[in-house]
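This report refers to the structure that appears directly beneath it.
Chain lettering (A, B, C, D and E) follows the sequence in which the chains are written, and residue indices restart at 1 in each chain.
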Amino acid sequence: WSLEEAAAPYAGTTVDVVFLLRPGYEAAEAMIPEFTEKTGIEINITKLPYENALGEQVRDFVAGGDLDIALIDLVWIGNFAENEWIVPIDKFTSNPDLADPELDIDDFFPLVLNAFGGWNGTIYGLPFDNYSGLLFYNRCMLEEAGFDGPPETWDAVMNEYGPALTKDGKYAYALQSKRNETQSADSFARMLWPFGGSFLDENFRSNLMSAESQAGLKFRQNLMQYMPEGIVSYDHAETVNALAQGDVAFITEWSAFYATLKNPETSQVTDCLGIAPEPMGPAGRKPALGGFSLAVASQADEDEQAAAWLFIQWVTSKANAETYLRKGGVPARQSVYELPGIAEEFDFVPALVESWQDGVPEFRPRFAEWPEITEIVQEWGTKMMLGEVTTEEGAQEIGTRMEAVLDQAGYYSGEKPLAQ
Amino acid sequence: MAQVTLEGVNKHYGADQALFDISLDIPDGAFAVFVGPSGCGKSTLLRSIAGLEGISSGRIAIGGDDVTAVAPSDRNVAMVFQSYALYPHMSVRENMDFGMKVNGFDPQTRAARIAEAARILQLTEYLDRKPGQLSGGQRQRVAIGRAIVKQPRVFLFDEPLSNLDAKLRIQMRVELETLHRELGATMIYVTHDQVEAMTMADVIVVLNGGRIEQVGAPMELYHRPATEFVAGFIGAPSMNFLDVEPGGGAVAYRGVPLGTRALETAPARAGIRPEHVALAAPGAGLIDVTVRVKEALGGESYLYTRTEAGDEIVVRADGETEIAPGDTVGLGFPEGRLHFFARDGARVGV
Amino acid sequence: MAQVTLEGVNKHYGADQALFDISLDIPDGAFAVFVGPSGCGKSTLLRSIAGLEGISSGRIAIGGDDVTAVAPSDRNVAMVFQSYALYPHMSVRENMDFGMKVNGFDPQTRAARIAEAARILQLTEYLDRKPGQLSGGQRQRVAIGRAIVKQPRVFLFDEPLSNLDAKLRIQMRVELETLHRELGATMIYVTHDQVEAMTMADVIVVLNGGRIEQVGAPMELYHRPATEFVAGFIGAPSMNFLDVEPGGGAVAYRGVPLGTRALETAPARAGIRPEHVALAAPGAGLIDVTVRVKEALGGESYLYTRTEAGDEIVVRADGETEIAPGDTVGLGFPEGRLHFFARDGARVGV
Amino acid sequence: MSSRVPKRTLFSFIGPSILALALVGIGPLIYAVWTSLHFFNLTKLRQVEFIGLDNYAHVLTDPIFWDAMGRTFLLLGIALPLQIAFGLGIALLLHQPGIGFLKTLTRLALVLPMATTYAVVGLLGQVMFNIKYGVVNQLLGFVGVDPINWIGDPANAFYAVVFWDVWQWTPFVALVLLAGLTTVPPEIEEAARLETRSWWKVLRYVQLPFLLPGLVAVLILRTADTLKLFDMVFTMTRGGPGNATEFISILIQRVGFRAFDQGLASAQAVILLVITIVLSQLYIRVFYKEVR
Amino acid sequence: MSARAPGQGRGLAVQAALLCLILIFCVFPFYWMVTTSLKTQLIALQEPPAWIFSPTLGNYTEVLFEDGVGRTLINSLIIAVSTTLLAVGLGAPAAYALARFEFRGKKDLWFWFITNRMVSPIVLALPFFLIVRHLGLLDTHLVLILIYLTFNLPIVIWICTDQFRAIPYDLDEAAILEGASHWRIFRSICLPLAMPGVAVSAIFSFIFSWNELMYAIVLTRNTAKTAPAMAVSFMEGYNLPYGKIMATSTLIVVPVLIFALIASKQLVRGLTMGAVK
């Protein structure tokens, strides 16, 4: 089997795909000429901001458009899969003409493959652009305050690091909480899980009123005293910048911001930058989990599907993982991180690898209803933080509205399996 | 052939009626002047002939063709608007050129006609100005120029010279008369100027309150006004009127017999023009009057006098007359100069 | 006290100059009339006094106060615009009311003044119409009404009666004179009408090409015009001019001596008004002329005659004269009636 | 003031516009009305069904919708008067004779706010109103005002939106009114200037009647546009914090494109359209009847 | 006016002051945008904000040469210019008809035109998308041009109708008598006189189509992608390269300014100068 041979029937086919404007995609883009040269398959990229990527793809699939590959954020997978807009990979892995013998599906971090590419036990997509929440910290500030390392637990953040580092207009910590996906994914969920809370219980009823969930939310509320004013208007940019400017001592952010924080053009703290896994809560580490997979779109015709698969398989392959990493992407291949020197060269690797060992795929539920639910969480989550409602009132509201959405979707009537 | 004929034209503005049953025949090549008090319907009539104003009933024909329903642009008339209606964004030249251009005249003709009109109207040095940079009289001349370059069958002028000074006015008058002769076009002219009306008109149409009072040649109107209104309207200063009653075999003013002729119908009022009243020494005339005001115009003077009964009589005197306000003078009314009118205003007698 | 004083006023429009060094003193309560050919700067001068037009240099004072930099509204002047400038969205009543309303007059006064003005101007029945529904003359009267209800110190009238018929015009003239007397306000009046100028003015200002030609009482201008321009401009039809040269002990026209007086400076032109030319039988006058055109105005006629040398002389004749075009008549020039002008236009002799 | 003309002439003038708008405008609108009568969720297209006026009933009884509506009208009620007041002032200032160069410059500058992409204005808002690195707080600091949490505090965020709306759209009002002022014949203004110095009276009695058409235009267009206001808020606050800036269009977008419930969103939009039309008619009745 | 109008001495100073204030108010955010575009991310987000810094053109080179903003600018230009021409070309005659002709249903027609402006694009976007996709016109200039007509035509029609109405009807009458057709009058007399209104509506039309985002995002992808869509596409949610966004925005504003510069000459003229008494 060789790529060239496998691709020979599809030379000249054009594969349409949506890319985001992020480092991982630039890395892939840089690799594409090589693929095209080998296969004669053209990759036609539409670059979209994250904000528009979902709407654009949904519209395209609804209208039976041109897209041959779906780019799937982990929270979209349920939606895409249930609408059968994407094709399970076994259609291709079972086809010897297309399946690369070296595919080695088990080399992907299982958590990542499962969360990004899998839905309800079926694998649809291969992890492509992968993130984990990490703790980025300003080593110099910490040392100055007498700490010899980053906080290991959220409890330490609250009781030791917080009070010690919040002074002179500087703050210990900043938690991006703007009212958009940031609020639900980065702020709300981040404090829910480590304290043992969750969005839903096993019956798909709201679990936000549980003692654990409430503990997490109250903790967040409490911790705001060590965060800059107006934290509810902080998006990633503001938070990363706060660390980059030396205004806060540490932040919990996506691994992807490593580049920003390491770049002297965008950061003043390159020399002091430290990276660690997110702090642990009573329930363990449970870091934020995010990322994208690529899956073959079912609306594509057979040739396009085959070509699309070949591309997905190639770009996420074990063989290309190092190139991808070096060009700025974050592959989800375990093998690449075991290569000698990689851990030293890329500071974030150890923390990342550790984060991907232990996490919850349903960090944010991944079913089709998430888009509706995240809107509810965003609204009431910020209201909570602003003190407009108590954590109980807010949780109650979110719970009621969330259940209404789920009810309408047919989970309670048994029409739908309780998958998230 | 551009005879203009109106038959029973009525015009309403909502509830108001501006024209009442106007029937009129202006022969081809004639110079007709519309006169009448402000608001009597002169502009409305002119605009109706141009087709700019739809008429409520009646019929209008130009050159024998019924144009009542014909579009204004197809009537081949040119009009000078009372409001000028110049195109503010076009220079004087372009203003004049526009009509010819849209009618596809060739450039030479256009240039020649504009040059000629500008010369006549003394606008040559203003050809490149915009209307906003012109004085009132200059604008008015541009409006005239726009009409004459078109050389239409019928010209409609709405007070075209009202903003010009006396000297220019006379020049323009002569130019328009020349134009009239040369082009042989029918011209209909609205004016408030007595001199213009009298000197230019072949026929004067006197309008009053939307109705025609009299149609006739200037001298006819002057000498034999058909109604008291016309008598008072034609001639400046206007005719003096005195209430009269039968007496002394003829008619008498407050007991003083005026003339000797008896009239079929007993007249209610006698009229005599200021220029026809004879001045005499006190007691030497028919009646004595006191001079209240004297208006000296240079070449002549007007005496505003009052009779004992309190009636006002205006008398034209010589420019050098020695008579002064406060003097008493005698007045004579030469019999041939008297006009008589019945109570309803109609002329009485010959 | 509303004496109007101008000192060295110049006004430029870009490269063009509309007013040249105008200095003028109009006494309090005077009735000044500006006359001059179209485009000579009358409106510009009026607008400068009103403050609507900034002047390029010079000084304007009203009632002794320098108002050169004072806003128009603070000059307490009222103006009747040549273009009327009525507020199109306001009824006639509101148009007149506006000035009083914004200046805080009480409602009774306002209503009373409007009623009075409407009566004078014969607008009572049009009070509730909008300007768009009025005839040209009616609009002009509204513009006058707007000025008079304000009872300002100084009135500025820009050809206020040009769109009115002769009869109404005379009535209006009298009304304005009455108003002038009653209010004692200073009035400045632009007109093209000789009669208006002669009869209404205390002082006439003759403008020509942006410059003052002469300032004086009407009769002074008529009898002793300072320049040939004034002589030709005042009086209608205008003065006849003949080229003359020294001869026969005095001055001579083509060898025919005119008068007997010798003049200090040798004049280049002689002038005589149509009304002063004496008609005589052929051969009985100074020169013989041929009548080309006769304009009969009723009360008088004008004869357009031509000398043998081809000069035109206009002669006023009786309204009933028998002389007809083509006739030859003799003309006499009474010596006291002759005006003489030097080559540069200045008056020569007494 | 107007005339009857042959149908052919009339149609040659007006037909192309009618055709263009009918072709481009009506189809999608009908489609939207159709969806509003259905359960129509983009991600659940298999469940599309006709549900009559259910969506409408849902919208009309939904407090969130009315909250957003109320907020939108509050914005309108604050921003529009400010825009009209400032816009009118600017238009009058530019209409006055005076320093020509400065006026030309200002006229050009007026275009800047409008010309700035609306979404970028929101981002600019984030930069300038940021509590930390925002220049607004810095400037306020110069005059001794403590840093204000503009975007993070619900009350302030609303006013930040008001500020930008006023900044961006006052020039629009100013230009429309300036065009209106050019329709006032100069000599009429002069006549009024002879009577009074007060610019207010000239404005009120002489210029206003000429401005009314423009003002009504501004009222209607600004109302419609405020009800549609989306880009700027979306990029600046995204409706937050809390729902302090969740205006009606943000809500509709959320329902239609985030939650993908096009049926509900269409119903909301149709109701919005009806409200806009009713309001516009009201404006016309109240202010425009004389002119028209 | 060559000489100052009287009573303006002090007024002039006040006017100058006010104009400067307006100028600053309008320009300051723009100024901040431009300077931000010349800053690196680090300086852009520095506290306190930097007024003096060493500017870099890096953002510009990046957006122009790497991200292809130039191409999107050209797309925007094609779309905005075409829309404006079309809107004015269709709208001005319609406005003239509404102002000058008498016909049944005039008011309703006028209102219907205006109503088009009121429809929220958020909801029309999807129907449009489906229809356009069906016609295979997705990602073409034509589609945006046509759709932008729906909200620009009403503006043009509105503003121009009022302008035409303000032109004295006498002028039309004079031209009718000269034998000019209605189209000729429209073109030679009324259109030039209505220029202030036409210019304003053209500026608006240009700006509205130039800055439109919702339809641009939904209906274009690559070929016809517009500059604003490009500008916001930098805000990918996880990172906000302010410098690049502001650089693109600055590039977006420049053509509008040029257009406005051309059009704004027309903004000032009095309509009826010397036309009628």
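In the analysis below, contacts are C-beta pairs under 8 Å (C-beta built on N, C-alpha and C of every residue); 3 or more make two chains touch, one makes a residue touch a chain.
This one's a predicted model, so the numbers in the text were calculated from it and none came from an experiment.
Peer 1: Of all the chains shown, whose C-alpha centre falls nearest the centre of every protein C-alpha atom combined?
Peer 2: Chain nearest the centroid of all protein C-alpha atoms: E.
Peer 1: Given the two chain pairs B-E and C-D, which is bridged by the higher number of C-beta pairs in contact?
Peer 2: B-E
Peer 1: Taking the mean of the C-alpha atoms as each chain's centre, how many Å separate subunit C from subunit D?
Peer 2: The mean C-alpha positions of subunit C and subunit D differ by 57 Å.
Peer 1: Need the CA-centroid distance for the pair subunit B / subunit C, whole Å please.
Peer 2: Comparing mean C-alpha positions, subunit C is 21 Å from subunit B.
Peer 1: Mind checking the centre-to-centre distance between subunit A and subunit E? Centres are C-alpha means, answer in whole Å.
Peer 2: From the centre of subunit A to the centre of subunit E is 40 Å.
Peer 1: Taking each residue of subunit D in turn, which ones touch at least two of the other chains?
Peer 2: 1, 42, 126, 132-133, 185, 197, 210, 257
Peer 1: Out of subunit A, which residues touch more than one other chain, so two or more?
Peer 2: 55, 59, 62, 180, 238, 241, 245, 247, in rising order.
Peer 1: Quick check on subunit C: which residues sit in contact with 2+ other chains?
Peer 2: 13, 51-52, 71-74, 82-83, 136
Peer 1: For subunit D, which residues are in contact with subunit E within the complex?
Peer 2: 1-5, 9-10, 12-14, 16-18, 20-21, 23-25, 27-29, 31-32, 35, 42, 89-90, 93, 96-99, 102-121, 123-124, 126-128, 132-135, 138, 141, 167, 171-172, 175-176, 178-180, 182-186, 197, 210, 213-214, 217, 220-221, 224, 227-228, 230-231, 235, 249, 252-253, 256-257, 262, 265-266, 268-270, 272-273, 276-277, 280-281, 284, 292
Peer 1: In the complex of these two chains, what residues of subunit A are touching subunit E?
Peer 2: 20-22, 44, 46-52, 55-56, 59, 62-65, 180-182, 235-238, 240-241, 244-245, 247, 254, 256-257, 260, 265-268
Peer 1: Could you please specify the touching residues of subunit C with respect to subunit D in the complex?
Peer 2: 47, 50-52, 71-74, 77-79, 81, 83, 85-90, 98-99, 101-103, 132, 146, 150
Peer 1: State the interface residues of subunit A toward subunit D in the complex, per the touch definition above.
Peer 2: Touch list, subunit A to subunit D: 55, 58-59, 62, 79, 82-83, 178-180, 183, 228-234, 238, 241-242, 245, 247, 368, 371-372, 374-375, 378-379, 382-383, 385-386, 388, 409.
Peer 1: Taking the complex as given, what residues does subunit D use to touch subunit A?
Peer 2: Per the touch definition, subunit D meets subunit A at residues 42-46, 126, 130-133, 149, 151-154, 157, 237-243, 246, 254, 257-261.
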